[in-house]
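A, B, C and D label the chains in the order they appear, each numbered from 1.
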Amino acid sequence: MISVGIIGASGYTGGELLRLLENHRDVEVVHATSRQYSGVPVSRVHPHLQDTDLKFQDMDPGRMDADVIFTATPHGASMKIVPEIIERGIMVVDLSGDYRFEDTGVYEEWYGMKHEHPLDAVYGLPEIHREKIRKAQLVANPGCFPTGAILACLPLVYEKIADTFIIDSKTGVSGAGVKPTSLTHYPECSDNVIPYNVTSHRHTPEIRQELSRINPVRLSFTPHLVPVTRGILTSAHTFLREDLESDELMEIFTGFYDGEPFVRVVDGIPRLSAVRGSNFCHIGCFEVDENQRAVIVSAIDNLVKGASGQAVQNMNIMCGLNEVEGLDFPGMHP
Amino acid sequence: MISVGIIGASGYTGGELLRLLENHRDVEVVHATSRQYSGVPVSRVHPHLQDTDLKFQDMDPGRMDADVIFTATPHGASMKIVPEIIERGIMVVDLSGDYRFEDTGVYEEWYGMKHEHPLDAVYGLPEIHREKIRKAQLVANPGCFPTGAILACLPLVYEKIADTFIIDSKTGVSGAGVKPTSLTHYPECSDNVIPYNVTSHRHTPEIRQELSRINPVRLSFTPHLVPVTRGILTSAHTFLREDLESDELMEIFTGFYDGEPFVRVVDGIPRLSAVRGSNFCHIGCFEVDENQRAVIVSAIDNLVKGASGQAVQNMNIMCGLNEVEGLDFPGMHP
Amino acid sequence: MISVGIIGASGYTGGELLRLLENHRDVEVVHATSRQYSGVPVSRVHPHLQDTDLKFQDMDPGRMDADVIFTATPHGASMKIVPEIIERGIMVVDLSGDYRFEDTGVYEEWYGMKHEHPLDAVYGLPEIHREKIRKAQLVANPGCFPTGAILACLPLVYEKIADTFIIDSKTGVSGAGVKPTSLTHYPECSDNVIPYNVTSHRHTPEIRQELSRINPVRLSFTPHLVPVTRGILTSAHTFLREDLESDELMEIFTGFYDGEPFVRVVDGIPRLSAVRGSNFCHIGCFEVDENQRAVIVSAIDNLVKGASGQAVQNMNIMCGLNEVEGLDFPGMHP
Amino acid sequence: MISVGIIGASGYTGGELLRLLENHRDVEVVHATSRQYSGVPVSRVHPHLQDTDLKFQDMDPGRMDADVIFTATPHGASMKIVPEIIERGIMVVDLSGDYRFEDTGVYEEWYGMKHEHPLDAVYGLPEIHREKIRKAQLVANPGCFPTGAILACLPLVYEKIADTFIIDSKTGVSGAGVKPTSLTHYPECSDNVIPYNVTSHRHTPEIRQELSRINPVRLSFTPHLVPVTRGILTSAHTFLREDLESDELMEIFTGFYDGEPFVRVVDGIPRLSAVRGSNFCHIGCFEVDENQRAVIVSAIDNLVKGASGQAVQNMNIMCGLNEVEGLDFPGMHP
């Protein structure tokens, strides 16, 4: 039995970690921290988790005893606590942006702050880095948009079929976290579609880093907030360098992702509801127009494959467990 | 031309007053106050109002010059500014709860605060008090739930057909105002139906006051928050004291509201979309079951007939204008 | 390994049965029928079920070989196929209304058709009939509204604390099934709350039958369609016959449902999102007003505890399996 | 007083024409046709239009007497009725795609049918063709997507600043019309974002025709269905041929649309709610990234500026009325 601690467990990704780990046969959650809700039963904050006796603790990360710790903390906060946990030999999956960048300068430019404690970390997208994750002590869990965007573009970059991408993503509101803001106020985002950080979203350099690792790309990214609770649908527009047809593209993707436990190349257009609540990424569409523009569409649940599910997948790999343990259930449609 | 000032113009009811008055032929808005947005163009805060040159002011109400002032201020705040405006001979339509109660004790019990400045005011439901409104200097604009609930029950109370009511209302989220809270955070209220203040909502004694004025009633009220932006749908359940059929009930309502400019008795079930954006109240259903329980359903737009539209209607009456001026357009379906 | 057949597997309840049974350790789905999609892979119709190789069959129910058959067929259709399956000694969980009524006359009156093949069946609400279900060959799976409504009223009826109920329910649109209609067309039901069958819904006599079994009741029921995909929130309004306070009511419910694997009495107001996708029924609120009206609120997922999950629970009981097998995961919030 | 007939008045664009014309001072609607609802009062089909006495007629278009006729008929149907109306000297605004293309071959290719009755028509986008509309007898009202897309790109094409466009549009579900389908079934499109006709939407050649009129373009277009009732938000991605900054772009747009009654260049990102129910098109964003990709965002109400409002605007121009008559009210936010 692997003992797990969750730092920052009262938010949406924390709640999702708890939901997923509740059915994980090899794991026991021993600590769930929250400064705000210290002493409060988990079931009061996460109304779906009525059968746990856990209470939130306001615990010093430096004294938390566990085999694996998930840091579901904001960027800037993770870098302050991860180093001391790592030093004590504990495995860490960090859900913030703090350890995702190879080049600390890129982090500092896009996140607008000094990185105080750089560490060696593996970027936790198993579809690219599975072998490194297996040996890692610190895994930087990918951002939600990058997960859907990288998986939609990766085979094309690998095969050098395309190098220019305009990625137009649509995200559910849970991606903004549990804290209410004007943007996430129901009357403001309901019945609206709201582009934001149109050319300046922090996930842009993350997508670029991972794709450029394979081959150089020219990449533009724009996210939109849509009146959906969970899910990111990514429409990746690209100009093909070769004259390929739809079924040839689909074949390339099917081959590339063969054997991947959580990527499914689907016939037709992926649906958010098909992956809702699950760790799957569905990829489809593959249409090409008269300008040789191809459109690849991916769908993920931003809180699962886009955050907590992928974090559990990474933990499974790091701990030598079955990669799909606790995650092998389908989405919820409708 | 009547000059109008709006105190508290940056919220949803303020924005709605500005939207409605923009097309009112006899009125000019001369002041729109907001402490938070002082100096900011109205068009920046209310994105739909691009054609006004108004800027928000942080103005002392005691020095505001206008024929009519709307106080779109929270309860507790209105009582601090209305008296000095009244003293200066200006007509006031107050959108808060501060002047709705005949018995100050009821106000103090349900609103949990001392009433510092009671004044004579007329309850601004024209369907009951039109003649008094005509002569009033201070009109207390009804609450959103009471508007829909009273209109749904009034003919039955008047005709002594029923005296026991269980009012189960469903409100759109704009009724909670412009300020984000946990309850109104999109992921929390989307795909949910949330009963709140189940037996303790402040609009309960307001409904009771107006119906009891006609005949004694035993009244229970429960509101629910639904994933809708605008609108209140009220299902008034009542036990009939006489054996009446559906079409007899409909006839009673049709007769009672004959000539009312903003009440429409409709065949079938009222739709929120049918009144969206408009000052109409639709009333329908009138079904009776084997327990002599009848169900009356009313639909209003909470921001229009439930707030700002009714306020303009009251202003029209107070100023001797055509009661429907600026308000005589239909709802928006779908 | 228990072999299972699903008749009518292409609709929402069929899809939900397939989703739930995919993770059930003791069961294998051997047949999934659909006349419309005969020969089509299940993954094409249910986009979330990408990992099954099942294809829909247009199979004669009289020749289907399985230990248990779920009939996810409309009322009127079930009575035509269930008898021959029963005759062959196969266990049946019928999700239609055809076998829910003890008195065939009630069925014929409310469903407007002759019942051609009455059979002995057990009403499949385990919280009332667990022991009978254990020995049954034919279980009539309860309707979605009755599940939430009966569980909200049962302890009060049992304890003779109340006998008059006005049940005001709000249902998600998936309850209307997979077939598009004007009512379920997005622009018509979005941003609306639509009462329907206000005094004539077929679930009324079903709720009444089960509660009256315990003690006589006077019961009125009205459903509303709300812009929610999954879930039924029921507000049961009742007048108490004794002077009880909120915490006394809660204690009665907690005691009554002690040990029930899928009923949770919660502090505060139940949330649809807390039970979404799960087989739990959450019950809460328990507020009492000055008219001795109490409000009990229950929340279920209409497709799970309100249909397919409860069907699996019934199968587990009938087959002597662990009652919670395949169902012991929490809801999905947000 | 101008007399108006509406052919196909029971759908969403028909209802919207009726809503808008109800407040038009210079117009009287004398005929509203519907084969399906012949004899039925308009108020029964359009629940928001309670104050009209009009009934739907099943009228032969060849015998309809009116100054102006709106044909709110599907493509393929318009071409069968417009010629005989034109022959009788009546002005026509056709809302279908039948008369939008200069090159009949393009129509036949994209609409997959032979054009039986080509006629001279003016493409009814006043921002391009106002003077021709003034003299036209037949105006082809633009498609909903083209209206938002052309207005977002036009100044850049005119100024030769860009010639390659990837247009990623998000439309509300009312754009699919009043007829229920699987795609528009609430549980299917709620909480989803659904790309459709990804490279094959019929509005593609329409956008291309109007922009290419000015200067050659390479244009790709992809629409998405979003869980919104009204509105189209268009994100036009383009690569600039010059090194321009955001405020320079904004200046170009502001200058270009100076004096246009229904286009507003806004600071920041346009909101669907800001134009909801109104005839305005808001254009904003203007951000540029490190790849010289610029993003222009436009927002319209698909049923108003994207259909019926623009049709009334065209009628006003054709009849020499004030262009904004009946349309000069702001959107509805929230």
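To be clear about the criterion, contacts are C-beta pairs under 8 Å (C-beta built on N, C-alpha and C of every residue); 3 or more make two chains touch, one makes a residue touch a chain.
Every value quoted in this text rests on a predicted model; they were computed, and no experiment measured them.
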- Message: So using the touch definition from the top, which pair is joined by more C-beta contacts, B-D or A-D?
- Response: A-D
- In terms of mean CA position, the chain most removed from chain A is B
- For the pair chain A and chain B, the C-alpha centroid-to-centroid distance in angstrom is 45
- Message: Centroid from C-alpha atoms only, then distance chain B to chain D, rounded to Å. What do you get?
- Response: 35
- Item | Centroid distance [mean C-alpha coordinates] between chain D and chain A, Å | 39
- Task: Spell out, as numbers or ranges, the residues of chain B touching 2 or more other chains.
- Result: 12, 172, 174, 187, 190-191, 227, 229-230, 271, 273, 276, 334
- Treating touching as the only link between chains, describe the layout with one word: line, ring, star, complete or other. complete
- Task: Would you tell me which residues of chain D are touching chain C in their complex?
- Result: 12, 172-174, 178-182, 184-187, 189-191, 227, 229
- In their shared complex, at which residues does chain D touch chain A? 166, 168, 170, 172, 187-188, 190-196, 198-200, 218-220, 222, 224, 226-231, 233, 235, 237, 269, 271-273, 276, 285, 287-289, 291, 293, 295, 297, 334
- Item | chain D - residues contacting chain B, complex | 12, 15, 19, 22-23, 44, 46-51, 174, 191, 229-230, 264, 266-267, 270-271, 273-278, 280, 282, 328-334
